[in-house]
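Following are the structures in question.
Here chain A shows up in two complexes: once beside chain B, once beside chain C.
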Partner chain A sequence: MQNHRTFGPRGLVFLAVLLAAAALVPASSLLTPAGSALHLSTYAVTLVGKYLCYALLALSLDLVWGYCGILCLGQGAFFALGGYAMGMYLMRQIGARGSYANPDLPDFMVFLNYHSLPWTWWGFSSFPYAVLMALAVPGALALVFGYFAFRSRVTGVYLSIITQALTYALLLAFFRNEMGFGGNNGLTDFKDILGHDVRSDGTRAALFATSCVALALGYVVAAAVTGSKFGQVTVAIRDAESRVRFLGYRVEHYKTLVFTLSAMMAGMAGALYVPQVGIINPGEFAPANSIEAVIWVAVGGRGTLVGAALGAVLVNWGKTYFTGAFPEYWLFLLGGLFVLVTLFLPQGILGLVDRLTARRRPGPPAERPVAPEEQVLPRPVAE
Partner chain B sequence: MTDPVLTSSLLYLDDVRVSFDGYKALRGLSLVLAPNEMRAIIGPNGAGKTTMMDVITGKTRPDEGTVFFGGSVDLTKRDEAEIAELGIGRKFQKPTVFENHSVDTNVALALKAPRGAFATLFGRAARDAREKVDGILRRIRLWDHRARRAGDLSHGQKQWLEIGMLLAQDPKLLLVDEPVAGMTDSETATTAELLREIARDHAVVVVEHDMAFVRDLGVKVTVLHEGAVLAEGPLDRVSADPRVVEVYLGR
Partner chain C sequence: MPRTAIVAALLALLCAAAAPAHAAPVDDALAHFTADKFPETDRGIDELVASGAPTAPAVLGALGDGRLLFDPGSHRVYYAEASGALDDAATGARADGVAQGALKKVRLNNGIRSKLAAALGGLDLLSPDRAKRLAAADTAFHTPDPKSLAAIDAALGRETDPAAKAALLQARAAVVATSGAGPEADRLGAIATLTARGDGDALNYVNQAAAAPDASPAVKNAASAAASSIRFTLSLWQALQNAWYGLSLGSVLLLAAIGLAITFGVMGVINMAHGEMVMIGAYTTYLLQDLVAAHAPAWSEASLPIAVPAAFLVAGAIGVGIERTVIRFLYGRPLETLLATWGVSLILQQAVRTAFGPDNRPVSAPRFMAGSFHLGGLEITAGRMWIVVFTLAVFAALQVVLRATPFGLRMRAVTQNRRMASAMGISTGRIDALAFGLGSGIAGIAGVALSQIDNVSPNLGQSYIIDSFMVVVFGGVGNLWGTLVAALGLGIADKFLEPFAGAVLAKIAILVFIVLFIQKRPRGLFALKGRAVEA
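Right after this comes the complex of A and B.
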């Protein structure tokens, strides 16, 4: 019954920054001359665009983990499926420009002696269809998987393990040539998206702006969901699942719905990621990717949405730097970071910010009785 | 199904048996509760009181026996959420509230309203919801604490909040497991008053060890021992029963 300020001041700043970046970054990349102090290279734009896709993935994970207690260790699977959907569209756009110049079949199919397009590829010449599939396929998988897992009351570590198994199974499946998705090599050598060269500066800037808007929309949806009574129920499930059942809520329905929504969000992130990096292959299903996403959320602040996005950007920025400077130490650093955050910053970076600002702020108004410890300790769920 | 005792009952347990890995927690428990009745259940630790509540609320499936609600609904075929929706509310032995929600949100989540995932995602709270929550907060003496995080309440206040959540659910039958454990004497007296108030328009089953509290309630008492009913009647009569004395003092 709290007054739900759906976004809160932090959320509004987050949205403002994203929308400003959507306008200013492409402007700086396209309108200022190279060498100008205001100029951003296409390389930088694409790099940050990639971080934004990771941020959307982190946001989707925070929705299930931070707000419903489902530690999904297979979130990368939904991201990769969304990526494949977009990759298939991009493959179809190559048309007869492939090495085999076959107008009907992508190169890898010609190479593998396909005679016609498998049914799984039907419709992927259409951009709207590909976008729909980037949402629907991860969503449908999460719906079916979640329904059975949650109905059987698989929770905690067991659930985490089977989500990890899910992404691993998909990894193995997509490696197989018979699956018809390019096997080991995946999908690459993209040429056009919506009639524009994927590698051109203008397309890169547009993809960046789209990623900003998608992240902003993802945030708006996540904030609306977590701010609704539905969100209060999922937090209650996270904290005391069986109590929620005895109140008459069907816990499995809530979990399935939030899991499905989150998978669709992850799928969208993957769909935006692929045209920016220019390739999608089974490696995206690697369990390690999903675990990294968990670390981003933990570092930024679980159950804060904005923190999850921030964590994804910061950790990946660090990764870009360290894998360049000291490639052999990055994994140790990442592991160490996770241990440190778990031990000393259970609420992540945003929790730390809350703690520091709460110390400085004067006490709250007298109308609301406040426990003394509440003034210094962060709340597990901010906003 | 034509048994008049069954059809006129609100809750009907007959020869219920539950065992955990061979340990028989309930051994032929039978109990009948009339609509709007308040009943106190006493019995030593391990007598099966909590297990009985688990059976009624669908947490534990009995190995044998019948459990009917309202004379016709077989509770052994339903799950927790269905049973809650039928109108059976439960307060746990260990107070269980949603620690990270405010006190008023806890009550609001329990409030009788559509429980479906889409209903709570897209629906709006009923116009009188606020009033109902406020009324309950006053009744459970937590009005001044309504905006606090429930996890920051004292143990006694959490117990009251859980009773408030039961009130919000407005069930036909309330199952209350050891509501005064760990309470001070004055908190205990307040709780007894609260439960008597609730019993005016709800059927209530209270499990409690505290004899002074049970005396305060002034209702029919059922004594459980080793998973079955040992005695039943007014407190004065059952406490004079030599078998009851034996169970309580003879250990």
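Right after this comes the complex of A and C.
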């Protein structure tokens, strides 16, 4: 566990690995010949780049769940909103190269008889604006949603369920053609990003490196927040919300801030994800996606940051492998993972590692957060 | 054959000058069919109906089936019976000795076919069978044709059955209103009849009566007054119909949520596998239906009622299994039960998918659930009605179990004060398992009903889980009556929003409403008061 204002040895290793990958992987992909033992195919680079985006999403979820006790089942919504912001920029870059060759309107708008660009799309031909929106839209949604929810003390399971309702409502909304975001098909057929072909090896490598750096930055921010006094208050809220409130802290402000920060990180993850996979559609809002992100965090170890990222990469690597090799068994495995991790590994893989190393080296017990107990749901009377 | 020559001569005369008939009207009418031209055939049908010939239904039926033949030389018309034997069209007598090879078929086109259907309807107006007369009057109402006025009037003169008479009067009113002809008093009477009927067709006809070029001011006034009166009646019925649809949707929501109200509301367990219990209930119904069809076909009508206890037992047993193996280790950690049961739901879905395949499984409806009936201006499908009744029965039964049985008493004791209940000698572990089994079993029962209106596929449960949670949270956790009110209220609200906003937007609006509502009242519509809430 990191001490205050440091990343701890584990965090430093994590950062070093990320930065090394940011430099070495593109080099291996671009500079070595295709047959070489050191060569990484563009497919592999993109795949791992995708995992890194998931890792950033998991990191954002760990920030709210592991350090503030807010189990958000709608984290995927922020991810998808960020993705849509980037997707809209990429759509605008297609310009007149679409099937209908309309310089102002994306293909689906021509198809749906739009005559001018809806106001929601204004400004998205500018890259900085799109990046800003990928941060601001999820952030604003989380700010408003969180402020109202936390102010009225919606906690625990209730909060989880209304965040799920939020992403479900957005799923339904984005499926509608009238929303002006491509409806069912979403946004795809991207051509350029910042003037470079999105499908070229160089762009893919650059996107990979960007994802590494973004994840590293996300980690630094999250570690700085959780290591600060502010972070200690959020951990206190996680463990005993009422007591913190009685001590005079404005619990809802802390929660809203953490929630907003986490949503912005998720939005950034989505924005990096879309150019790498080449499509964004309403399916990303599916509640199941958000719940899957929760299991990444749980597998890696909640409240550890590094573990969340690790869990995301491991589970998704397993998913890629199993859905290819044994598609029948993937859901059994994922379901089993949910059950086993919650029953036997409440601290995740990193928690297990800590326990094993602590047993081997007798000494001062590793400083770990107390087993985070959620608020116990009242067991009310049947009427 | 001199007779043939006469007919031929007459026919020539008829074609040249469209002269009035000289021979028997049947022969004149039939003669049109031998011209082998569509307009002539058309006229033949009219005249045949007007002639009232006893062979007319047989001839028109044969024409529709392509069995009406004529001899181009002799200009006689025959119709072939199903056996292949020929009958003379004018007399209906068996026409032996006519060489079928020399005959030509009377040709049809779509215009003739629809004309024929109307003509047969006109004949049905006089049918001795009351149901046939009613159906014919209804058809005449829906396809008003000025030409059928004479047939309707003739039928009205003979009709004695009051219902058939009323139907005929309405048909006549429709014809008069749409024809734009007839005396003013007749038209006013038609408008009054249509106003009394008061449905969408009536509104349409009344508007046509008002728009007729020669409509007098009195007719116009009466028509516009009638139109607004009909519109008001219609909007009332529409509101009632929406309320019924809402009730129907609400009962489905209630059925899906009621088991969750036990596991989540009463026990405090977040069971994300609840939807899969519904799915298992639906698959139990499917399996049982197949078993019954294979081994006891005589009982196939009863397979659905048998499925109710079967689904309860299967889903309940699986629920008990889940509680004993997973959930009992996680009491007091609701968020972790959420994750673990989500995992269980994935496993169950994939298990069903592996066992039965990803396709939808057909579950047939028993006869008593098929069809629909009208209640005033309401259209009620029998299947939906039974689901509403069934849901309320399940709800009532659950209340009885919770309030009037020793098990219900123990369950309430455990949920209120676990340690005290344990000290009183109640086996809390056993009660937990049984309560979870009860909630799961009710989900299974919901699956039996939902198999009738939804696709039985491994994804069946997924579509209900979010809605179910919304209903329970909205109604207030731990309160079964709250669940009832929330389910029916949300169902009705959804159906009233749908006409303005469309189905998807209505659903979004409901979700947003619930999210906002939870902010205002975090404990739901009927929050429990007292210390238990603040735990």
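Structural remarks
Keep this in mind: the second predicted complex is superposed on the first by the 358 of 383 C-alpha atoms of A that agree within 3 Å, B and C clash if a C-alpha of one lies under 4 Å from a C-alpha of the other, contacts with A are read in each partner's own complex, and residues count from 1 in each chain.
Basically, a residue touches a chain if its C-beta (ideal position, glycine included) is under 8 Å from a C-beta of that chain, and two chains touch if they have at least 3 such contacts.
Just so it is clear, the structure is predicted and the values come from calculations on it, not from any experiment.
After overlaying the two complexes on the shared chain, residue contacts for A:168 are found with chain C alone; chain B is out of touch. Within the superposed three-chain model, A:343 lies in touch with chain C and out of touch with chain B [touch as defined at top].
Of the two partner chains, chain B is the only one that A:225 touches; chain C does not reach it. Looking at the superposed arrangement, the partner reaching more residues of chain A, out of chain B and chain C, is C. Of the two partner chains placed by the overlay, only chain C lies in contact with A:294; chain B stays clear of it. In the superposition on chain A, A:115 contacts neither chain B nor chain C. Once chain A of one complex is fitted onto chain A of the other, the partner contacts of A:153 are limited to chain C, with no touch recorded for chain B.
In the superposition on chain A, the residues of chain A contacted by chain B and by chain C overlap at 373-374, 379-381.
Those residues of chain B whose C-beta lies close enough to touch chain A in the complex are 57, 59, 79-81, 84-85, 89-90, 92, 96-102, 104-105, 107-110, 115-118, 120-123, 125, 129-130, 133, 144-145, 147-149, 152, 165, 169.
Contact residues of chain A toward chain B in the complex are 1-2, 225, 228-230, 232-233, 235-236, 239-240, 242-243, 245-251, 253-254, 257, 368-371, 373-374, 379-381. If you check the complex, the residues on chain C that touch chain A are 265-268, 270, 272, 326, 329-330, 332-340, 342-351, 353-354, 402, 411-412, 415-416, 418, 462, 466, 469-470, 473, 477-481, 504-505, 507-508, 511-512, 514-516, 518-520, 522, 528, 530, 532-535. Listed in rising order, the residues of chain A touching chain C in the complex are 71, 145, 148-149, 151-158, 160-162, 164-166, 168-169, 172-173, 175-176, 287-288, 291, 294-295, 298, 328-329, 331-332, 334-339, 341-343, 346, 373-374, 376-383.
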